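What follows is a pair of complexes built around chain A, which joins chain B in one and chain C in the other.
Let's turn to the complex of A and B:
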């Protein structure tokens, strides 16, 4: 494929740049990657429900890319079929255009999808079919409980399979399109880590009881799923052609659990999985929502140069750089409220600081803190994208350094 | 325009308390109130009843609390001030919201709020369990409060009640701690008086 440079001064392709920062090396410049979904609808003048239409979604995203971009790394994956979202977040959901007005934002409901006996079921099924346990957990237990119309047993497989295949093939085509325009793809498919899956599927009210009464089961079931996480990734990676994994950690932050609980119940299976991926040459994107300040030290246990830690604006990203920046690539974290309510000069100042301090020595991706706010100001988004050209070239910084020394 | 934020973990009784509080304020003749609900999963405030009493009840959707709530809230408050000019907005925050994040963003960006009162609920039945398991979240919700409401006191005996009140006073010594049963209405009048006086 022809190599496309996104900016005239670039000496690397976006893919080379992404690989360099994951390996904690210094690239030609800091890469930028916004997580865009609802913002695209608002910017393109369509409603949020229309994003389920692949043509409209891609057109809206293209408009953002050509007006406000370019960006280096394509991040968001549209499920297209609402039922597929359950593979990513195993919770009941209210969707714009379905249960909610068309311009609303998706809402997840805290209900009991995972039953307490599912911990034992996972351990039993993982012994019988270690590669398929995760897949079976969703197909046979959780999805029929989330979606009444899907049905149980073979009906669940019959309903989900065609949708999975069609979405997978569409993602592949979309990824090829992004690659042709010089953009790297972040990961093959979003996935929630085991501990966090349990927390969401049980519902917080039930899960807090489990945290007291069922600690061993949580840890053992999470561990039992590692093999099937790896196998599921291999399958999805084969379809989408991307060799980077993603693990969302929506419920492992210090906003929810203590650092001790993280070390005891979430980290062991997470670490094992990141190590397994690393052994396959696959880096892992850790989507670290919430405040992770007290978990940073523990993340040093993950293999060096094999992961990205994505911060959403709640974690002190400067502290993250200091504590784990020599082992994990840091990504983030222009906050949603700054992009929605701040001025372009404030955004510019914050991005400059991120590039200077967190980008020091490489190993950094500039990004929106989690998803770009739907009401982000377009001029602020543009400033964020342009900041990597304005401040992000490492040779400029080296020259500036030399000038200062001289 | 003033803002009252009602926070507290899932199932702590925020909706019941809010409904009782609003009914009390309305019976005293307080008008021009708006309710913003961010907890769509739980039982909803009795919208039609409250609307019939001249209240506006709105839902504030935010897919991912960390990303979107605070920014949306600032915009929504600004719109409300312009269109409805309410005396006070009551925000029922999501059960997993960190209240200090909301306050920080309001402080930084909102010019429409003249004063904020934060009421955090602690669930008498689950307080020990939550402090043991989701410590950081519950601590942050309680520490951000001006008034901590120990709800569901009808489930406690005298000693247990005193123990829990002391625990809450220890976590947030600066806040007033009020024992309440929102469901039975015990001591709700006391809370309504405080809020009414603040308004």
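Let's turn to the complex of A and C:
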């Protein structure tokens, strides 16, 4: 494939740049990667329900890319089939155009999808079919409980498999298109880590009870799933052609659990999985929503140069750089409220600070804090994209440093 | 000597708290004083949460114990009304159905002795205004996790102004992306980043 440079001064491709920052090296410039979904609809003047149409979604995203971009890394989240979202977030969901008005935003319901006996089921099935336990958990237990129309047993497989394959192949085609434009792909497929899956699928109140009464089961079931996480990744990676994994950690922040609980129940299986991926030469994107300030020290246990920590604006990203930045690439975190309510100069100032401080010495990706706010001001998004060209070239910084010394 | 009910609930000793409450009731102790002691314990929980000694599961668990203890005490309260620290209307604003945070705040406020009128989720500005009018509440607590909720918060404050109620009602907001900027944008009075801050604000505005 022809090498495409996104900006005239670039000396690296986006893929090379991404690999460099994951390896904690200094790239030519700071890369930028916005997580865009609903913003694209608003910007392109279509309603949120229309994003399920691949043609409309891609057209909307292209418009953002060509008007406000470019960006270095494509960070996608479109499942195209609403039922597939359950593989990512095992909860009942209300969708725009279905249960909600077309311009609403997807919202999840706290219900008991995972039963308490599922912990034992996972351990049993992981012994019998270690590679397939994760798939079986979703196909045989959770999906039928989330979607009545899907049905149980073989019906669940029959319903989900064609959709999984078609989405995977569509992603692959889309990825090829992005690559031709010179954009790198963040990961093969969005995935939720085991502990966080349990928390969401049990529902907050039930899971709080589990944290008291079933700690061992949580830890053992999470550990039992590691092998099938690896195998599932291999399968999806084969379909989508991307060798980077993703683990979302929606319920492991200190907004939900204590640092002790994180160390004891969430980190062990997470660490094992990141190490397994690393051994395969696969880096892991850790989607760290919420405030992780008190978990940062524990993240040092993860293998160095093998992961990205994505911060959403709640974690003190400057502290993250200080505590764990020598081991994990930091990504983030232009906050939603700043992009939605702030002025372009405020966005510019914050991006500049991120690039200077968190980008110091490499190992940094500038990004929106989690998903780009649907009501972000387009002029603010443009400023964010442009900031990596304005401030992000490491050569300029070295020259400035030399000038200062002289 | 038995431990105080306040310290037991603060330590989240579910069974021992409930046993102690039962024992106190059987001994003929004034039920209102037991409620007061439970609230003292909950205040300790709030303080520990603020100091990052306790986390969300601890708040949820202690509130659960509180609820169970109140259920034991209620039959003994007869016609006597428990004194209220003030009335609060709370809800998740229009277009947003997230309710974990809102529910925890509502429970903590109840545990602290406020009359809480929880309107649920996706609440229209008009419904908030009507409830504030009906209850004469002095505090309106708006929750939202989506950035789109900022506009609903603003519209709710505007509806309150239009109804001529803004002067006597304080508005506090909370939820994931909410901060000082959103306070300015929406016209609210203050924001709380967690349940402990919401309690503090209720204390400031209602006493």
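Criterion: the second predicted complex is superposed on the first by the 406 of 406 C-alpha atoms of A that agree within 3 Å, B and C clash if a C-alpha of one lies under 4 Å from a C-alpha of the other, contacts with A are read in each partner's own complex, and residues count from 1 in each chain.
In the analysis below, a residue touches a chain if its C-beta (ideal position, glycine included) is under 8 Å from a C-beta of that chain, and two chains touch if they have at least 3 such contacts.
Model, not experiment: these values are computed from the prediction.
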item	value
Chain A as common anchor, with chain B and chain C clashing or fitting	clash
First, second, both or neither for A:211, with chain B first and chain C second	both
Touched partner set for A:258, first chain B, second chain C, both or neither	both
First, second, both or neither for A:94, with chain B first and chain C second	both
Partner chain(s) touched by A:363 [first = chain B, second = chain C, both, neither]	neither
Which of chain B and chain C A:392 touches, first, second, both or neither	neither
First, second, both or neither for A:340, with chain B first and chain C second	both
Touched partner set for A:106, first chain B, second chain C, both or neither	first
First (chain B), second (chain C), both or neither touched by A:373	both
Partner chain in contact with A:31 - chain B first, chain C second, else both or neither	neither
Superposed model, chain A: greater residue contact from chain B or chain C	B
Chain B and chain C contact sites that coincide on chain A, given as residue numbers	94, 104-105, 107, 109-110, 204-205, 208, 211-212, 254-258, 261, 313-314, 336-337, 340-342, 373-375
Complex contacts: residues of chain C adjacent to chain A	52, 54-58, 60-61, 95-100, 146-148, 150-151, 176-179, 181-182, 185
Chain A - residues contacting chain B, complex	38, 94, 100, 104-111, 204-205, 208-209, 211-212, 254-258, 261, 289-291, 312-314, 336-337, 340-342, 369-371, 373-375
Contact set on chain A toward chain C in their complex	94, 104-105, 107, 109-110, 204-205, 208, 211-212, 254-258, 261, 294, 313-314, 335-338, 340-342, 373-376
Chain A contact footprint on chain B (complex, rising order)	9-11, 40-41, 61-64, 66-68, 70-72, 74-75, 95-96, 98, 101, 105, 108-109, 126, 129-130, 132-137, 140
